[in-house]
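By written order: A, B, C, D and E. Residues from 1 in each chain.
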Amino acid sequence: MTANSALIDLTGDPRRRRRERTVRFVFMTAAGVSVLISLAIVLSLIEQAWQFVVAIEFDQLLANGWFPRRGRFEFLTLFVHSSIITGIAMLVAVPFGLGSAIYLSEYAKPTSRRILKPILEVLAGIPSVVLGFFALQFLTPSVIRKVFPAADSANFLAAGIGVGILIIPLVASVSEDAMRAVPRALREASYGLGAKQWHTALRVVVPAALSGIAAAIILGISRAIGETMVVALAAGLNGIRNLNPLEGGLTMTGAIANLSVGSDQVAGNDSAFQSLFFVGLMLFTLTLGLNVISERVVRRYRQRY
Amino acid sequence: MATTSTSELVGRSLRRRGRSWVNTTIAGAMLFSLLFSLIVLVVLLADTIVKALPVFRSRGLEFVTANLSSQVDSAGIAQGIMGSLALTFLVIVIAFPLGVSAAVYLEEYARDNRWTRMINANIRNLAGVPSIVYGILGLFLFVKLINQGLFSVADGISGRNLIAGGLTLSVLVLPIMIITTAEALRAVSRELREASFGVGATKWETIRAQVLPVALPGILTGAVLTISRAFGETAPLLLAGAVLSQYFSVSSDAGLVDLVSNQPYTALPLIVYNFARQPETEFVQLTAAAILVLLGMLLSVNAATILLRDRVERRRG
Amino acid sequence: MNLERSPVRLTGGQSPVVDGSPGDERTSVVFDLEELNVFYGSFRAVKDVTVPIRKNEITALIGPSGCGKSTVLRCFNRMNDLIEGARVEGSIRYHGVDLYGDDVDPVEVRRRIGMVFQRPNPFPKSIYDNIVFGPKIAGRKTGLDDLVEESLTKAALWDEVKDKLRDSASDLSGGQQQRLCIARAIATNPDVVLMDEPCSALDPIATLRIEELMLDLKRDYTIVIVTHNMQQAARVSDRTAFFSVDVNEVGQRTGRLVEFDTTDKLFTTPAQTETEQYITGRFG
Amino acid sequence: DGGPETGSSAVAATGANSIAISGSSTVEPISARVGERFDAANPSNSTTVEGPGTGDGFARLCAGEIDISDASRPIKDAEAEDCAANGIEYVELHIATDGLTVMTNPSNTTVDCLTFADLYALTGPESEGLENWSEANALAAELGGFAGFPDADLVVVGPGEESGTYDTYVEFVISDIAEERGQEESTRADYEASANDNVVVQGIAGNPTSIGWVGFAFFEQNADVLRAVEIDGGNGCVLPTIETIASFEYPLSRPLFIYVKTNELGTKSALVEFVDFYLSDEGVEAVGDAGYVELPAEDLEATRAAWAQAKG
Amino acid sequence: MNLERSPVRLTGGQSPVVDGSPGDERTSVVFDLEELNVFYGSFRAVKDVTVPIRKNEITALIGPSGCGKSTVLRCFNRMNDLIEGARVEGSIRYHGVDLYGDDVDPVEVRRRIGMVFQRPNPFPKSIYDNIVFGPKIAGRKTGLDDLVEESLTKAALWDEVKDKLRDSASDLSGGQQQRLCIARAIATNPDVVLMDEPCSALDPIATLRIEELMLDLKRDYTIVIVTHNMQQAARVSDRTAFFSVDVNEVGQRTGRLVEFDTTDKLFTTPAQTETEQYITGRFG
């Protein structure tokens, strides 16, 4: 018997074990890359944005309007313009996105769902530059100008609607997930009390999924603020603060795009281009914050059910 | 007797009072909000086709094969198509291996600790970063560094080349690739893994021979998303060195290395953007035509990947 | 109405023994199931069930898992309408009215026939809103506060929650939640309450309270309860329907009614050996 | 250094057979045409022509990133110092003339001729916020312009600040008056700016009471929907025409240049050939094709001489 | 090794009765569990298990749900390593070698100690590939076809599938799939086969076949089987370990070994009343 124990060798094949370690290491490095990327983003933004901030006088950030070449860097203007477009976009995306979600999760039968869901997926696949062209060459002339002949060729309304269309699928899919996470038991309880379908949908399911829907909206806002091409094409380049949706103006993303296309470096005026990184940093912080918030909100309903 | 009347009373009280119009209107409203997206799609496509028609009529497919030009009537999008295909290829060879490996590590190897959760959250957030910010990263990290000869293959190499663009787009889509792959891996049953370990397979053997094959369709679905995203992106390339101009040309005798590392490039969406900025009606038409080509290529890229996925699924039965 | 129908006694292994038992005349029939068959798609879940449910009584449905208790129960308020492909054959008369008649509105049916489910499923809203949900959608606007107090009192929950009506119902214990669901069900003032294993998710103490509650409630309501727990059926119900299940070659389980009788009779002197075996726990 | 970081930056002046051109969007059409024709003859060559703006062009030239910088104005001292600092040498070649054209909508008949004073009053830094022509009268009169503007909405449209056209306009029209009045040497900020001259054209064509300025080429191409305004630079009203511009009689005439980096002329034959072609009779046709005013013979000879000397 | 250890008989409610039974000397000990404790994180799932597993015998682990049968079984081939936070205290000696020793490679352990799971889990590949996967990764390249035939024959599946070795294993019936899993397990030529409720997902006929199969297999292999089904334990096993479970105040269930003995003895004259109650079905 005791001899037996000597016979048993469980140390296994060292080559296989070595290979395991190597593979594991390779994969780990790959995962590490994602961290490096985030670091790279943050560092490159901060490094350059800092150069900008030290290069300019503080009151240049409060000067009237966003005119890099004149050393006027009123970020507030860009922010206001971005907010206006985001607002309009959400006015489009929330009702249509939520409606779609409610229909898909509460009304559509599995078969019709399989037919209807792809509509949103296709829409989600349309490149934003295409919607930018659509906003500039169709929405403005053929829709908005028909209602408001006074509208400029580049205006917030068209850009906002374009962005809104762009994020309908996002809002729809995230809030639909939330609604489908609502347990069947709640629906049965509602029907059991003699509720009609719309009672159940709007008074039971939607309230129960509210946090998820909120997350969807926040995500939508973040996406709208970050959207570039639609804005660059349809919202115009006006650096003077403008609150009229029928006229255009430069947004955060628009400013970055514009600077990257032609900033007109004149010797001794480097900060004109550096401002690009400053705006980029602001944009990054803003969207990151929104995403983190929506993360939190989502986790709330995830753990509820 | 009394009961009969109860029966009638009950019968009446249970009677259906006509279709509830509230119910129907609300259902209708919800359905409409969904169909709105469809309407938009149809209008967008119809409008584009109408605007593009003159180009196809007068030039047929010639403008697809023609290069950029300062003359509207001879300007074409060939360089954009080549550029986009090249970029997509680069994304496939860079982002897929990286993304899948990262996902495999996070799902299969990493223990569930704060560090791992941090990385996962970080990846989800990266997926939400505006694409133009990735452009800034590309400009700073790739264009600039390559210019300063960091990755330089030869001296005086230009940072405004396909490699810079490809890297930028790869970084952009990496999070999507990781997330979708991770989901696909999560869907693989624990039983399958235990079966494999039970016959003395190592982790890697289990992943390679059992888990990845089963997860492949899901991974390919991620691939569809990734490719179409990369293919349609414009903003990051504005900064990542793609040429945005009336005219540029590529040397006819540039070798492959030279092409990706040293020649100017552009992409189809950028050409769309540049055309769309020009107000003349000729350019409006040209833009629409270019958009149709863009959408067509997107569609076929997706279709191809989806077909591939179904093939895989069927092969696995 | 078929009150005059004299008690039928069928015999023979497979055919159910339905005993009207003494005292039929005392209580009127609320539900009258005849030759009820329920299908899910093509698969028949329950076969030829014939059972009368009497007013102000507690009727228990017992039987092994998968024998179709829930399925049958969900026919009483047409809950099955919500399941794709679910189909009913045979007749269910409610006070003599065919429940599945064309001009019958299931919404109305569910309003008059409340239901309590296996696992407590309060809405993620305040206790108050849980109670008033039903009445509100039924169009009631006034006297809601009184209604809440009344329902909660009937459900023996008032004292425990009267100071936190605005708190979220999710914070209640399992037993309290289930009683809240009962309160919610009776708030719409139904005349029948259906309960599908209402205690299976609760601890013994909570269970006991619910059972006492049922005995109170039966003064005002007719109750049908599904339970796995034979002691419970014996403790609370006046009559019991025992279902069994036949498995066919492809493994489909079709439930059938084996015996229906007063609970005492069924538990003391069952007419069917199958019943006896089950209640003595020798199978199922 | 602003250069290496510029957005569409850094077409490094590279391999022997690739030529990178950037700078003025006004000159871009000329260089693009030249490049196109040159490549047709030399397929192995790679040319990139971009038009982010004259200033960007100089920034990159002085950063050694490009071979040729298109310019719609002469290089500024600061920019020249930049080049010197980086050891970049260049030769300035005058290749065409442009008449910066002030224009309005054809339906606007009340304005035929304007002085710099009028333009300053309408578009200068002090006009910021003005929304009606008549509001400019006071200042115009004070500065000794014609004034007498009607009561009509004032819409100012012009090329973006990144364009050389903008610089020229400021330099010609605004600078002197602004200087003596101690104002910022720039136009009002609240005008409809566009990087794309065609958008400017459309803006004016689309608005009956608008005023704006573009390069002569763009005006000429759209002469049917625009109306050029005569300019009084002190010697009476002059309408921009090929002749008046070529002769610099028109006060807003300006030379268009290309600045060629000379550091690598020895080693980079392609560049030499390219510029040779640019200045050849065939190349010069591009100027006319692009809608600009070709140089009088003697000026062209001067340019060719300058190039010949630079080649050494 | 501790074969000479004279049969211990511990007494007293909580402490397990481990009986070496006559005939220890005939068969050698393959596994030797001493004071085994298994933790999931901080929670102790199994307490102080001491059991010897003997060569070419079938040892059954029985007990109520949650008593830790699977947990113990998964210690024999270190399957628990795969579960985060799972920890083992005490010793498991395999032919005298400490299974959890530092220089032991769990991969090697699992190759020598095969496992069959509760639900049939063939790889979504061809029958052939299912069998050869294990040997291949173990480095075997030749004679695979013979190996496949041999393993399938041992698993009493060869005749049914020999004509469709290239077909997908998913197309087999549940019973066939489970036998395929057994074939797959013995293809790596282990000397122990662990089975966790191998028949719980199968119909009676399939179950019977598997049981016969086990009796054949024990000539070549040592078998440890977890089962809920006491008849099955009685039918197939030589020795039986009966586990029970203590529930602490916070409801955590910690399993412990109540009694270990030859199956005859344990089922006929159990030393512990707890055991007797369980096998006569009066609790659990």
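Rule of thumb we're sticking to: a residue touches a chain if its C-beta (ideal position, glycine included) is under 8 Å from a C-beta of that chain, and two chains touch if they have at least 3 such contacts.
Keep in mind the model is a prediction, meaning the values are calculated, not measured.
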item	value
Any chain that touches subunit E and subunit D	A, B
Reaching subunit D from subunit C through chains that touch each other, fewest steps	2
Pair of chains joined by more contacts [C-beta pairs], A-E or A-B	A-B
Magnitude of the superposing rotation for subunit C and subunit E (Cα, nearest 5°)	175
Cα-centroid distance, subunit B relative to subunit E, in whole angstrom	49
Whole-Å gap between the CA centroids of subunit C and subunit E	44
Between subunit C and subunit B, distance of the C-alpha-averaged centres to the nearest whole Å	53
Centre-to-centre distance between subunit D and subunit A (centres being mean Cα positions), rounded to whole Å	39
Of all residues in subunit B, the ones touching two or more other chains	139, 202, 238-239, 244, 277
Residue numbers of subunit A (touch at least two other chains)	16-17, 48, 196, 260-261, 276
Sites on subunit D at which at least two other chains make contact	5, 7-8, 51, 195, 199, 202
Chain pairs that touch, as defined at the top of this document	A-B, A-C, A-D, A-E, B-C, B-D, B-E
Contacting residues of subunit C [partner subunit B, same complex]	1, 3, 28, 94-97, 99, 103-105, 108-109, 112
Subunit A - residues contacting subunit B, complex	16-17, 19-20, 23-24, 26-28, 30-31, 33-35, 37-38, 40-41, 44-45, 48, 95-100, 102-104, 106-107, 116, 119-120, 122-123, 125-134, 136-138, 142, 165, 168-169, 196-198, 201-202, 219, 222-223, 225-229, 232-233, 253, 256-257, 260-261, 276-277, 280, 283-284, 287-288, 290-292, 295
Interface residues, subunit D side, partner subunit B - complex	4-5, 7-15, 17-18, 28-29, 32-33, 35-36, 39, 43-51, 195-196, 198-199, 201-202, 290
Residue numbers on subunit A that touch subunit C, as the complex places them	109-110, 183, 185-196, 199, 203-204, 207-208, 304
Subunit E-touching residues of subunit A, taken from the complex the two chains share	1-2, 4-5, 7-8, 10-13, 16-17
